[in-house]
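Below is a structure I'd like to ask you about.
Naming follows writing order (A, B and C), and every chain is counted from residue 1.
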Amino acid sequence: MATTVRKAYVPRRSALWWTKNPRYLLFQFRELSGAFVVAYSFLVLWQLWALRGGSDAYDAFLQVWYSRPMVVLNVIILAFAVLHTVTWFSLTAKVPLFRIRGRPPRSAVVIGANVVIWIVLSFLVVRVIFGGF
Amino acid sequence: MAEGRIDRLTPTVWGIFSLGGFVIAFLLPVFIVMNSLAYPFRLVPFERVGHDGALGWLRGDPAAALLGSSLAWIGGWLSKLFLVVVIGGGLFHGLHRLKYVLYDAGLHRAKRVLDPIVYGIAGAGTAAAVFLAFSFP
Amino acid sequence: MATGARAGAATASAKPAPRTTGASKTIKLRIGRYRPERSDEPFYQEFTIPYREDMVVLDALNYIKERIDPTLAYRWSCRMGICGSCGANVAGTPQLTCAMYLKDVKRSPITVEPVENFRFLKDLVVDIEPFMEKLASVDPFIVREEEKPIERGEYRQTPEQLDMYRQQSQCINCMLCYAACPVYGHDPRFLGPAASALALRYELDSRDQGSAARLAAIATEHGVWQCTFVGECSVVCPKDVDPAGAIQQLKARAATRLMKSMLLPLATR
């Protein structure tokens, strides 16, 4: 059962624990990408709402949507979205979901397959949903 | 060994979080590029992103051009579902993650208050996406 | 040759550790001490000791205890990385002191502190009771619906079946993964990496039939669901158990089990 402790000291944990090594730092950025993904979802909801306002209202909206600050923001959001994609692939590669001949597939194979699917799906989205360039 | 009520909520929420994670991993980057960056970087002309172009996108014109007139209606469903899935998946995944960021920063004691707010916002946003997307022809 | 110890803080610099003083090299260590009968706060004590290329941190601790300060308290046993006793925080990283060569610590002085996220009892000795309780909480034994009588023989298993859980069975209970885990760091109620890996070891064991109760015990708010997959536990594990991967597998199992129980209630036990 419990040991007899005379006066156990409870160490204080630093709020900056995530600065202690690069993996912790990457973890924080990875989780922060969630904020940017949420932000973009709300931006698109705003965009749809503006579209309901009709032609003139939407043109005025587009002045803001395509303004320099918005483009910069969206580049940042894109960077975090890609960070999510890349880290998501390496995370899911560490969880063997199926086994081939008794062994889970090597993580390089899983990540590679995911990247291929990503490229193919992106191409299809551009072509079929957006009508290409 | 604890024998309690079976927790059905947490695995379900985690499942939605995982699904959302896959959806936005594959679909969000290309969506951001096409929706927010293609025109400013002059990859597409203004007609495609202006008011009429946007309505046409929601109608599924690009897909309809590939599928032919009899299957054109699929295009309309495709673009609207795409929006709902990317917005909804992004909200559930991102807000679930943000919730844990707040927990790690010390707010895990406010779990009973934080959880309904977080998933409530995600649900409301997804419902708004459905309503808005399908309010267009 | 070994200088006396001085209490107080020294600034660490990222220089290679050994210094040549005349005929032989010495090395400086900064050891975390805690003497509850003397003070409420832990303190550091510096020791300069003779240095050999093949010394590990544990050798340094043993030298200090044998030749300089016999009151230094720390855990160790096998000195070969299998007993899991000697975990410590060496230059800010969770390490087995028997496995960490002094020459690989690129700092001077070399700081040795108690392993993180555990309460200090004395010097480098921490309270491991919470960890022991967590291990016990996952039913770490073969559970059968009906036990076979001894006369009917043992539960047999092929080498392939053994391979399924071999990785998770390598855990030496050294607690370095708990030191590395930021979730455990801010909430000690979290089940944690090693206990979860232990649970998966039994889940993957073909002889075990206790899945329902075991998953119910660990698929809880402070069980596997609290993990945010930081992954540092698997980085510091000296035995490549990969507890991070184990926890995600358990999450997937719990979620799949729930789905199955909702769709096919009679098929799930």
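Brief remarks on what is shown
The rule is simple: a residue touches a chain if its C-beta (ideal position, glycine included) is under 8 Å from a C-beta of that chain, and two chains touch if they have at least 3 such contacts.
Since the structure is predicted, the reported quantities are computational estimates derived from the model, not experimental observations.
The innermost chain, defined by the distance from its C-alpha mean to the mean of all protein C-alpha atoms, is A.
When the C-beta pairs in contact are tallied for A-B and for A-C, the bigger tally goes to A-B. Between subunit B and subunit C, the centres computed from C-alpha atoms are 40 Å apart.
Subunit A and subunit B have Cα centroids lying 13 Å from one another.
Centre-to-centre separation of subunit A and subunit C, using mean CA positions: 31 Å.
Looking at subunit A, residues 31 sit in touch with two or more other chains. Shared interface positions of subunit B, i.e. residues touching 2 or more other chains, are given as 100. Those residues of subunit C in touch with two or more other chains are numbered 182, 186, 228. Touching subunit A in their complex are the following residues of subunit B: 21-22, 24-40, 43-44, 48-52, 54-55, 57-58, 61-63, 65-66, 78-79, 82-83, 86-87, 90-91, 93-98, 100-101, 105, 125, 128-129, 132-133, 135-136.
Subunit C meets subunit A in the complex at residues 34, 36-37, 40-42, 92-93, 114, 116-121, 127, 129, 160, 163-164, 182, 185-186, 228-232, 235, 242, 244-245, 248-249, 252.
Of all residues in subunit A, only 15, 31-38, 40-45, 47-49, 51-52, 54-55, 58-59, 62, 65-66, 70-71, 74-75, 77-78, 81-82, 84-85, 88-89, 92, 114, 117-118, 121-122, 125-133 touch subunit B in the complex they form.
Residues 2-3, 5-11, 13, 17-18, 20-21, 23-24, 27, 31, 91, 94-97, 102 of subunit A are the ones that touch subunit C when the two sit in their complex. Per the touch definition, subunit C reaches subunit B in the complex via residues 137, 139, 182-183, 186-187, 213-214, 216-217, 219-221, 225, 228, 251, 254-255, 258-259, 262.
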